[in-house]
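What follows is a group of structures, each given as structure tokens.
In the two complexes below, subunit A is the common chain; its partner is subunit B in one and subunit C in the other.
Take a look at the complex of A and B:
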């Protein structure tokens, strides 16, 4: 998803501005080019009403720097492509209003902990796929194959359905991964996105994996015992997934296993 | 996975089949050890943090009076009549050994989490600076204070082990001034209070102790409580520190050094 690059003109409104000029510093680096060195480049952007970082980036690409790389698809906080470090904190560019920054100076960097494609574009997809495979993020049920496909599916308790839905809201933006000190120190760490995925399938009665099975996924210092409860994930997740409670829950379950 | 003999990852394994066996077993079924270690790390941290609060409250009895501190000291030595008689200082030695055990246990387990090499250290530092995120920064504070305590806490414990019978309003003050240990106590005060309070806060989050109806609100509240506790104990600690230093300066004269308060009062130390 994050590799998608479109060129849609999205400059807000009709040339209206708030009168403020934004100073946008972007950490530029293209690992594909042998001579490229990481450098901070500053762009001056006239702020438009209700401007998001994403709109400002488009302005830069259209008017100032056509080679600037960054990702987006949905522009509505749904696809998870536009995660980047905004003034030090990972967040979604399409959901961050420039008016939030009183001083009008905004520094953008690519999400750390992911493979850099160029400038603000990182390969979250590769990482997310690996997490998915590691967790086994699909329903595991040995008997599923013998199931009568015409039979009605079993009813699910509405609270359970809500809980699963809550955890399924993850858009794999990668903010929780970049915001996690443990993740950054230890590459093998599963990371908060992985924990949310485990919590989702753990809560699902259709998934027949036992706590012993989950222990095989979580039960070491690359798993839940490696988490140092720094709460970077909890405090940056743009979809407000319940990291704090779910990681603690998984930890308790795994200690009791 | 099978290794041909000359492909075994390290020489000891080639000679010692048992060592390899336990490693390979981990590929069949994960060991429960990491779970136990995480639990013990937390439990030892909790015990130490609570102990440190009680410890400071006891030590701060000097703020009430010299007699109050003498009373507390003798009481902890097991004296049945602390206003008149000393107890058995050997008990202090046993207590020190108990705390030392917890201390080493916790340190060994918690040190697994510290940055293990320069690259990790640098990454974590730049992460802390970049994020400006309270809980992350506080972890960093915990790491630094933990390392400080590893050295000075051990020193303090060994000094108390050796001087188990030289605790009291005067003799303890001597250590601050005459023996010049005041910087160590000052460092330990800040290290323990910052590290312990952050640690307890983290424990509540880590295990979800006080989640209640709205865990996010609880977390905010816990943070406030944590700061309150830190300020209270550092304040109390500084006042206590000042009291010992003051006595230590008054007693820092030939003829006074080494004379216990109780003896000056005409009792057995």
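Take a look at the complex of A and C:
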């Protein structure tokens, strides 16, 4: 078989369908355009094998509605761009297979709690940068600046490194923020993303901040004491981060501070 | 006219761009970063397996140093790289890893005592020394003599990018998100910034800058199936090409990664094989040792991808509705190892394939993965033909990868080149003034506005996504893993026709603000131009080198083709790029062309190779008491910013 032929066959599958027609309802609104009003619009999409919502939305944009706004970057579940509300639940659209909706009807809405850019696209970037600045999501160490890059690195316990990695896996998709009850009531609430970031730097021996320093960030009702423990964050986190455990841990630390 | 002034403008908020911005800011310059997306979503985050740097901490890394890393990189490049740049890189990689450790990357660490690993399908026990406990550890990767790839599980790019972006935030570096650079502002051989479109409001803004750095990543999305993020469409390289002044280097050098899942094309890291995973065929037979007895699954990527394709052509692929594939088997690594060190791979398998790699085989096939080509730069990162324009990371042809990049050398390049080039960018800003007439800026802005008006006004033009799909299919079918003259000639012709058609595109969506179809329409003709650089470069290069494999010219030909392809777009109306070639001078090489030790060993020798080898032997013989640093300096001196010239310390051996 020639390479050319082999390559043709690699895409042959995309023409296949499962025989099912999906009904995809999308909340549409472009705040940039003065005439635009929010409305639900339904699109019919022939389902293909292994179809994800990423593929279905691109189908709609190419064939039915070229102005449809949505965000994908990696389309592999690792960059966090494509958080949206899928049949009532915040999740990553890129790794959600359409086959999992056995009725063939999928309703998509933008993540609440973020500024809407248009249709399914929201401004998580602005929100997450503000969280980073508020938490100070970087290593605080006055001596770091003088470190000699030619010299052997500082040692770290292998288990500590692994533990930090576990807490560093957040992809800032915003699902936890959208699923949070407290977030709806308190505009300034830090939210699970912020708490996880605190937990990550708290666990890091390279960061020299004390519990008193952290109290300044966390120690009020917009911080860890505001959490009503509804645990929407824990339920919807696509990376299965230990939100419940870490919020409880931070709360205890702050009570003791 | 909206105008923003800055000293150092960085286009692209991935690892390379952010590191340049940090360097600029550290030198007291006003700095800002433009990004299509929030910086932490950049494609750098998708790097899984790790970053190479010769720390030599783990027992399987002992004996490693800059010399070994340099040699592996040059062999990997099939002698197509700039050896000076490869040296600069190998020297600074350990420093970059240590710097990132200070900025928060939780690098996996050496654990003293015995541990079980899988090497060549056997479980063996290795013992780490007490004195190395807690230092940064590394894993095995393809085409390397030592275990050199430092990592955080299989989310290395993610932790690196988060640490880097957090560092940039701590320094107050602004990232202007959802902004796309659509043209460079230039005059008299100098670049002065970019015309930028706000992807939310649709506004055009002129960013006027002293230095402009393109760090927009690769051009994988020119192919219909790619592991790359959907934003990796080469727009940074394209706006450089459209200046007519800047050149693109080695655009035909396109890497195919051996193990992307079928059909989604999503990457599973080389770490799978580095940690002991195997490739199996339809009979679940391990075929790689038959082709590559020494390196087996861990030859360089270009070689493994070709061997896999050869094996599929023999009818040994696993049939599927998406064409034949092979199997990646990591079951032998065990549940504990997979759930700790290959968990992203496990998640990808679960969500996209519905399988668990602890007990199931993973369907994989070679898939477009990396762009060795890009904006041609000097070792300082500056375009030799457009002053004030810098480029760094995958967007650049700085040229440490030549015709094939080693796994673990791409995220490494982003942060190392960012460190080095960042200093040269700052030097440039401190030595030059911005002396541009505002009328010139207005001219570029009005020109871009005119193009947008035309696209929105045309009632019934060609559809951008259809032209894009046609272009992607041409590269996929005719400029793939194996190439030959006739299909390549067809590709060039067909792409030229598409480029002509693209001049008659129109948009159905008419909004001037956020409008995905308009974005597409603006990108597609540029993508086709890049595709033409790839196809024409491949057609005219009548040899095989690294990832560029010609079935009609299967040998590497150092005599006629030891050169870098330079593509320029001389006139806006042209339907093809202009190609020129820059020879690589063997007489200045530290390592003259030789055998890679894997893959096709055939090469047509250059007459200088023997001469230079003789000269090198003489130089070495003349300095019997010299250490390796002194010998290296005598063979091929290289320069670096002063702060990065120091000798790297290693455990147990110091600076030897």
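Please note the rule applied: the second predicted complex is superposed on the first by the 238 of 257 C-alpha atoms of A that agree within 3 Å, B and C clash if a C-alpha of one lies under 4 Å from a C-alpha of the other, contacts with A are read in each partner's own complex, and residues count from 1 in each chain.
Please note the rule applied: a residue touches a chain if its C-beta (ideal position, glycine included) is under 8 Å from a C-beta of that chain, and two chains touch if they have at least 3 such contacts.
Just so it is clear, the model here is predicted, and its values are computed rather than measured.
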Practice prompt. Please name the chain, subunit B or subunit C, that touches the greater number of residues in subunit A.
Written response: C
Worksheet item: Who does A:117 touch here: subunit B (first), subunit C (second), both, or neither?
Response: second
Discussion item. Which partner chains sit in contact with A:138 here, subunit B, subunit C, both or neither? Use first/second/both/neither.
Written reply: second
Discussion item. Which partner chains sit in contact with A:89 here, subunit B, subunit C, both or neither? Use first/second/both/neither.
Written reply: first
Worksheet item: Regarding the shared-chain residue A:252, is it in contact with subunit B (first), subunit C (second), both, or neither?
Response: first
Discussion item. I'd like to know which partner A:69 touches here: subunit B for first, subunit C for second, both or neither.
Written reply: second
Discussion item. Show me the residue ranges of subunit A that touch subunit C in the complex, using the header's touch definition.
Written reply: 1, 3-4, 6-14, 16, 30, 32-33, 49-50, 52, 61-62, 66-69, 71-81, 95, 97, 117-118, 121, 124-126, 128-129, 132-133, 136-139, 141, 144, 147-158, 161-162, 164-165, 168-169, 171-172, 201, 204, 206-207
Worksheet item: So in the complex, which bits of subunit B are touching subunit A?
Response: 29-32, 34-35, 37-39, 112-113, 115, 120, 123-124, 127-128, 130-133, 135-136, 139, 202, 205-208, 211, 215-216, 219
Response to the item:
Counting only contacts in the complex, subunit A reaches subunit B at residues 85, 88-89, 109, 112, 179, 181, 184-186, 215-216, 219-221, 223, 225, 227-232, 235, 242, 244-245, 248-249, 251-252, 254-255, 257
Worksheet item: How about subunit C: which of its residues touch subunit A in the complex?
Response: 37-43, 45-46, 55, 95, 97-99, 101-104, 106-111, 133-137, 152-153, 155, 158-159, 162-163, 166-167, 169-170, 175, 177-178, 200-202, 224-225, 229-231, 262-264, 266-267, 309, 312-313, 320-324, 340, 344, 347-348, 351-352, 365, 465, 473, 476-478, 480-483, 487, 507-509, 511, 513-517, 644, 646-651, 655
